Amino acid sequence: MTANLPSDVMKCYLRIHHAFPENSISNSILQENDFKDVHVMIFIGFGFLMTFLKKYGFTSVGINMLIAAFGLQWGTLMQGFLHRGEGGKIPLNIKSMINADFSTATALISFGAVLGKTNPVQMLLLTFLEITAFAVNEYLVTEIFQATDIGASMTIHAFGAYFGLAVTLILYRPGLKNKHANEESSYHSDIFAMIGTLFLWLFWPSFNSAIAAENDQTKTIINTYYSLAACAVITFALSSLLDQRGKFSMVLIQNATLAGGVAVGTCADLTIDPFVAMCIGSIAGIISVLGFRFLTPVLASKLKIQDTCGVHNLHGLPGILGGIASIVVTATQPETKKGIQLTAGKQASALGSTIGIALLGGALTGAILRLPIWGQVSDQNCFDDSAYWEVPEEEKLPEINSNNYDEHSRFEAIM
Amino acid sequence: MTANLPSDVMKCYLRIHHAFPENSISNSILQENDFKDVHVMIFIGFGFLMTFLKKYGFTSVGINMLIAAFGLQWGTLMQGFLHRGEGGKIPLNIKSMINADFSTATALISFGAVLGKTNPVQMLLLTFLEITAFAVNEYLVTEIFQATDIGASMTIHAFGAYFGLAVTLILYRPGLKNKHANEESSYHSDIFAMIGTLFLWLFWPSFNSAIAAENDQTKTIINTYYSLAACAVITFALSSLLDQRGKFSMVLIQNATLAGGVAVGTCADLTIDPFVAMCIGSIAGIISVLGFRFLTPVLASKLKIQDTCGVHNLHGLPGILGGIASIVVTATQPETKKGIQLTAGKQASALGSTIGIALLGGALTGAILRLPIWGQVSDQNCFDDSAYWEVPEEEKLPEINSNNYDEHSRFEAIM
Amino acid sequence: MTANLPSDVMKCYLRIHHAFPENSISNSILQENDFKDVHVMIFIGFGFLMTFLKKYGFTSVGINMLIAAFGLQWGTLMQGFLHRGEGGKIPLNIKSMINADFSTATALISFGAVLGKTNPVQMLLLTFLEITAFAVNEYLVTEIFQATDIGASMTIHAFGAYFGLAVTLILYRPGLKNKHANEESSYHSDIFAMIGTLFLWLFWPSFNSAIAAENDQTKTIINTYYSLAACAVITFALSSLLDQRGKFSMVLIQNATLAGGVAVGTCADLTIDPFVAMCIGSIAGIISVLGFRFLTPVLASKLKIQDTCGVHNLHGLPGILGGIASIVVTATQPETKKGIQLTAGKQASALGSTIGIALLGGALTGAILRLPIWGQVSDQNCFDDSAYWEVPEEEKLPEINSNNYDEHSRFEAIM
């Protein structure tokens, strides 16, 4: 069974030990605090952000929890394989738990792209494969290219987005070309989603500074904080300006307000002025809003990329922006991190590697998920919790053909 | 009036002083952080976990707050009576606030067993009596038996569960033998409950490590984290496997995913391998799911134990598992805590004392709550906020006989 | 555009630098933790507290976010102008971010008074003006009068409340004399509001201790914690006692339970007994409940003050109580803070200055907001998200005249 896999691997191949933090006490407390905040972002933030669909809240918050609980175990092992401690043991400490949460974040971002169209077994498989690909790319970026990406604009956000987009492209459903009746929000589902938005927004400074050096912590927090603030104001303004009647759009407020956190990630611990951070945040907000308004519809209709949550606009484009910003910053001012000289070339290699591996890995994963053995949900039952959950009476759709999903979407059939 | 009781006691019998932490600065910061997390678990975690009932959300989150606010004051006094500072003063510091929150948790667990069937006055009385009984048992476990129970699997979780089960047995309502129409969830009430589940799940490592020694902190956090992760994955798998159509059940995801945090509590700061912690979490998940599916219906129909939230499966059985695990661990490897040799016998005594005092105290409390003077709510008005709350129009039940609860369930009549 | 204003000012007039905390490591960690909690209070606490209206949740949580994101940027600048660092630079550090969040809180409190009756452009203008007035008053209170107000009972809570009351008086709408059909809660909107209440309640100790001296931290936390606990229990008791049928009122539980945090603010770091803190909390609860029940209706009908959320009862009266308590405490026992002798006279001056500047500033702001150029929403469309938001179908009010708000409430028209 799935749950035993990591346990068995742990048991059989490795001897895990408790590694106590060898660094200073204050840094260890800082890490512990950041870990808790990142943990809240993963389970509450990502989980509730996706509850905006009116009939898919159980899956959003529930399968998000399943993916995360599974992913952090597999992520611990993958990180351990690549960053082995002495004696070949996997080190377990607060930092490795942060890294496990980080690697899980990529799978949750991709989950947003395919939300409503994949079943839980497919998602576990995606998580397994994506975390593996993430670990490979992260190794390349940090060890081979020696690039910096403290807030992981590239290695988590752009990676998760393009991986998910490749998967959703391969899993393209012509039957969903016209908007599915369930692919919309309800009044209260939109408010639930704001719980996710706000906890992500609030704890993003902790996300970006979680693995920053101790004396870069405050700087990283400040840059992220002001980038997000600028981004949020720009997003509200643009959301109103782009609407014919001047009204705000919930999907933009829920998502584009966060783009500033994504985009400032790579540069957050570099020597940049807070004003520069605010510029990055503002541009990220603009790109994200424009992406939601103009690009997403085109991707769906012309390129067969059905991106349910618009992760391209929240994580993809702002992630690339973060990478480009780091190329510009390292090109214009010399800086050293962990004793290594940062260069524009290293940063560009990291960005290229990230997008390449994400697209390749996502396409391969999509091909595997498309195999008929996983019990794909029918187009008709997409975006509907009742395909996977016992749902209270009032919400059950009468039109669902229960024979249909009985045969095809049983979770237990696979276990 | 109730509210004045602790204040008066404080004023008249005791001189309270601010006790500043005598321990190291880093430990005091760690304690302060853990305190905040435990506080969130008590008010948000327990409160929202119980909002799953479609017409009982006000009471779940509101009366949870009342019980907790009252309980932490009474808990402070009870802890103070037993762990007096110099000069007979009650010490007030972060640790005593954590302990007050802990003692309150037992009452909130019992609240889950009787949810929907008791009125606020009865709950305040239960809180008063249970915290008193808890303090006695905790004194026995720590001072007399000298057992260890860092995450309180036994002294909080098993205690709260069996206390509540004894109360609900004594308060047995034959009229609720057939499921009450209000005793079910709605789509949004189930999502509200997930807020509770997730905050409990996320901050459980802080709960278990809150009073751990400074150099056991990281170990305790790691063991709890991986136990919960293993438990969550097992719970999802079993939930699907046990359903005829392979569907997940919200009640299992909301509750059984947390059993790993309960069960690993007692052993979390002992020298166990993280793999052992994951095993404990996995077994806890299995026990909890099986309990919800097979045991709870039997308890209700055969043993007259109507356990609304299934606290037996979330806190009772996993709590006992935690105690048994500590017996096995201390039997197989010698270990010392606070200079005291741990033994299987001490742990077994603690487990026995906990269950005995909980059952006895619960039965006595049930007998007191059954007295006709407290204005029991009628069977018909069970599981319905409108018995105690002004409820917005759309939710008012037309069939409620207002004369009925006017006479019997007035909170003010008792004050 | 609005978003560029602070950025431009920053860029053109000032050179901002990253100021690293010069104080001890442990204090800097404490500040960082408190900052996160205050941040949660601002965005989650205030935002969700106001979601109680059945058709105004998007605006409550969304425009709360806009005001806060804008306000913290403007607050940073205003704080910087008055507390300039060396070389005329604006210091950016954790403490300045806490202060920026604090200054934003005043605008969010005033938002509660005018909720449902102002549009987003008016709210941005109010935020801009109120944060400016706040900075002036705070400068007077701390630098000129040299008063103490660690938890800002006066400078934030009373200030925000009376500022907002003055604004709503000037913006008086005779058309809303009879209760608007939308000015009520729904079952789920009341539960959403409890998310706000609980996070405010839980993190209030961090709010009051955020800028306290390191060795006053524990005392401040303890005083706030017990004041809130006493206040919550009193509020529940009074809520039931004042109702004819003994039922609790959600509006009282959502709001008056917090009054203890407001009222204990000024005295929280002074040498008071925890029992005194509990008395202050209890009195605050009583005042707040009585205010909601008896004063708010009179203010609306006789004094033309339409206070949507009842901020007078949650922030105004308890804020004054906090100021009076500090006058009594400083009059009866000599105490020194930051080397300055505290006196009753200084505290009284601070209270007077706060209320005077708040009323004057609020009246001026109200006069500006009343100018016809801002596109006031019609009485009919008050308390309705669909005036400013794209709202999912099921919630759209058929009776809204879309020509009406097209002309008058367009956000973009102003940008």
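Each chain carries a letter (A, B and C) given by its place in the written order, and its residues are counted from 1.
The rule is short, and it goes like this: contacts are C-beta pairs under 8 Å (C-beta built on N, C-alpha and C of every residue); 3 or more make two chains touch, one makes a residue touch a chain.
Chain by chain, the UniProt names read as follows: A, B, C = Ammonium transporter Rh type A.
Owing to the predicted nature of the structure, the values given are computational and were not obtained by experimental measurement.
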Turn needed to bring chain B onto chain C - CA fit, degrees, nearest 5: 120
Chain copies touching (chain A, chain B) - same or different residues, decided at half shared: different
Cα-centroid distance, chain A relative to chain B, in whole angstrom: 34
Where chain C touches two or more other chains at once, by residue number: 26, 29, 33, 188, 195
Complex contacts: residues of chain C adjacent to chain B: 26, 29-30, 33, 37, 54, 184-188, 190-191, 194-195, 198-199, 201-203, 206, 215, 217-219, 221-222, 225-226, 228-230, 232-234, 236-237, 240-241, 243, 245-250, 253, 257, 273-275, 278-279, 282
Residues of chain C that touch chain A when the two form their complex: 1-4, 7, 10-11, 16, 18, 20-21, 25-26, 28-29, 32-33, 36, 39-40, 43-44, 47, 51, 57-58, 61-62, 65-66, 69-70, 72-73, 76, 92-94, 97, 120, 188, 192, 195, 388-395, 402, 405-406, 409-413, 415
